[in-house]
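Dropping the structures in below, format is structure tokens.
In the two complexes below, chain A is the common chain; its partner is chain B in one and chain C in the other.
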Partner chain A sequence: MRWNLLGLTAVCLLPLSVAAQKSTAEGIAEYRAMLADGNPAELYEARGEALWKQARGPKNAPLTQCDLGKGPGVVKGAFVELPRYFSDTGRVQDLESRLLTCMETLQGFSAEAIAKTPFGRDEQKNIESLVAYISGESRGMKFNLPQAHAQEKLMYAVGKQVFYQRGGPYDFSCASCHGEDNKRVRLQDLPNLTKNPGAGDGFGAWPAYRVSSGDLWGMQRRLNDCYRQQRFPFPGYASDATIALGVFMGVNGKGGVSTAPALKR
Partner chain B sequence: MKKTYKQAGMLALSVLLAGCATGPSPQQVAEATQKVFKSSFRDQGIAKTSWLDQDASNKACSEAQGAALEPQLAKSIEEANLKTIKMPSDGKFLGDWKEGEKIAQNGRGMTWTDKPGSANGGSCYNCHQISKEELSFGSIGPSLYNYGKLRGVADPAAAASKPIVDYTWGKLWNSKGYNACSGMPRFGHAGILDETQLRHVMALLLDPASPVNK
Partner chain C sequence: MSDPMRIRAQAQGEKTTVRVLVSHEMESGQRKDAAGKTVPAWFIQNISATHNGKTVMNAQWGPAVSKNPFLQFAFKGGKAGDKVAVSWVDNKGDKRTDEAVIS
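Moving on to the complex of A and B:
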């Protein structure tokens, strides 16, 4: 495994420097194609499926009765309809906040303690695998977030405000990088998340295996790193601002095809 | 009896549908957004929740959601920002373009993983093409290649160059003085770069010896 990752890093450096001479998108697409048959996210998917079925936590129970929005235990197709409103919690929840609910109610873990755990450690590590498995079960399906409930509509509207909210010492908002077509930071293409195809492509690629960090990142971790680079204060794990952004991006990406868990630089 | 139920049902349904069609009111959205911001963010390292507080520019430009501001509002924001610009204390505008290139390359600084007191980069290449040699540049801002040359700056110290030199310093110090909703950080005003660093970036853009003007 370790050697595999080292090899991957070496392979990834070469096409990226070549990419400077070609178009960036071409280079990166080529590099992704090279690795398409060996996306390390598959290892996380397999581990996630095992974790889903394994009796764990203080209550020694599996997650197989977890309701991700399509009824207890239904995993297929759940990811492309999240975030959505859940009547048992009275909240709009994304995949990760919903997993916290299930891990607390079914398995007896403390959702608060997991939310405070740094990314990549302990139960956060397990969540990486769980989101890889759950998103993978909807691979190739189209995003179709429900917008019928008043709370879902409200969270979309809030997400739009959050997206355009400028602040911090650099005056940045999400829209600074993701509000227009055909923009790049350095060589990195930036999806326009306000409409398709950018919203579907961008939102629909996470969770993803991130080669530069050698970890599988869920959407929560992706948004957290966006906010770090946006020079904002720290968004809480599964906080409403991050969920509202998920609703905004996911609804904008309606009809886009989910490629998660994808492979990212 | 049955008919009445049916009518009542239809009425309830149409009220529900009307509710669906209209969605939340602007006031509901504003209140919910405020609550969401308050509950979602916390201090981490140098990054503080006070960073969410907005001045007139950030408030107006957030609300506009990418659309143009009313000309009157834009003008008042630009005037207020122009007033914040501090010209160099010793009257010296240009430093060393080689140092400027390093600052332009450096995208670090002011995140919650950065240490307090460490020098920030200018992140210039993140958004702009600058020298021809650096191929890894962003496209959020306009190309700055040949910045001085295109503006006829043969001698930055000459009187004829003064308007461009002043403008460039001002734009780096506080971009919102010239464009209320500019996407560029206010490097001087926000304390991202100090006077010495700004002089180096100025040289990168305006010094005829800089690769930018080759």
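Moving on to the complex of A and C:
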């Protein structure tokens, strides 16, 4: 009788714990779905579109002639092909470093000064709105980063190197968390950024509105936070190391669908 | 100056559902900045909506409402093409009104 009872409780407990585990991941998905209907990233998109067209800066010019890789002023589809090589600057650039170039050449801002500005302030805040608008124009498109130019291939190799480089007080690399399937931090499932679907899902979700900080984060700010969590110094805003990481993740995510600007917890 | 709201209004049968995304800091007055000084409270105190000039929703908000809040409500009546206007007033006296057409 006693054994029977024990057996019965064991049978009862098993499905319960399975259900509890499932509801955690489901709960997060449900929470995201509820918030997605009113994703505040839309506010940033609207603000970014206005900023793109507004004449600003020392030269009092808009950004509408900015070449994001598909010709001057072409925004649609540009995001899913970045980072890429630009012949005018002679370097591979991601969306944010390219915007710095445009803001300097067209509007007369100092790219160096903006790169040094803390995230979320002054022109950095404007860049966050601009990346929301530009990425939003490519929503639902597939990532197709060019790898034809030698510089682009080089940046992929450098990005791979940076991704796997371990160091710092925790002896961490990006790959410690994002190099295998089914890893997580607390309750957050982590994407495997070395291949699809993880690379497409992970890379394709930023820029995103981060509910916990109430801000829209671009890829640069996201990478800064990765480095902070690894107790690493950030390589610097729009630095080649961060752009190389973008190339590595973006090329791995080829064919993945861009959901940016997405919504994160 | 405040950024515009995003308003979507949809009529379905007798009911019109309105979804509003408001751009506002909604500072609670409980937080401290890097220097340890209290960040002054700054939040929407009253938000209301009108349909063809008639008030259909009125709410008093406080500091517990999130930054960039999302508001959804429904009212009876309203046809495609009608206008819905949403206005808010915050504790600094700033106000903003935006309008949308029901689809």
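Keep in mind that, in the parts below, the second predicted complex is superposed on the first by the 241 of 265 C-alpha atoms of A that agree within 3 Å, B and C clash if a C-alpha of one lies under 4 Å from a C-alpha of the other, contacts with A are read in each partner's own complex, and residues count from 1 in each chain.
In this text, a contact is a pair of C-beta atoms (placed from the backbone, for glycine too) under 8 Å apart; a residue touches a chain by one contact, two chains touch by 3 or more.
Because the structure is a prediction, the values reported are computed rather than measured.
In this overlay on chain A, chain B fits alongside chain C without clashing.
In the superposition on chain A, A:Q124 makes contact with neither chain B nor chain C. Contacts of A:A46 after superposition on the shared chain: chain C is touched, whereas chain B is not.
In the superposition on chain A, A:Y170 makes contact with chain B only, not with chain C. Touch criterion not met for A:Q107: it reaches neither chain B nor chain C.
In the superposed model, A:V185 makes contact with chain B only, not with chain C.
Once chain A of one complex is fitted onto chain A of the other, the partner contacts of A:F232 are limited to chain B, with no touch recorded for chain C.
Looking at the shared chain after the overlay, A:G38 reaches chain C, while chain B stays out of its contact range.
When the two structures are aligned on the shared chain, A:N252 is found in touch with neither chain B nor chain C. Of all C-alpha pairs spanning chain B and chain C in the superposed arrangement, the closest lie 12 Å apart. No residue of chain A is contacted both by chain B in one complex and by chain C in the other. Across the interface of their complex, chain A is touched by residues 19-20, 23-24, 28-30, 32-33, 35-37, 39-44, 47-49, 51-54, 57-58, 61-63, 65-66, 110-113, 125-127, 135-140, 176, 183, 185-186, 190-192 of chain B.
Of all the residues in chain C, the ones that touch chain A in their complex are 3-4, 6, 19, 21, 23, 66-68, 70, 72.
The touching residues of chain A, when paired with chain B in their complex, are 20-21, 148, 150, 153-154, 157-158, 160-162, 164-173, 175-177, 179, 182-187, 190, 228-229, 231-236, 239-242, 244.
Those residues of chain A that touch chain C in the complex are listed here as 35, 37-40, 42-43, 46-47, 214.
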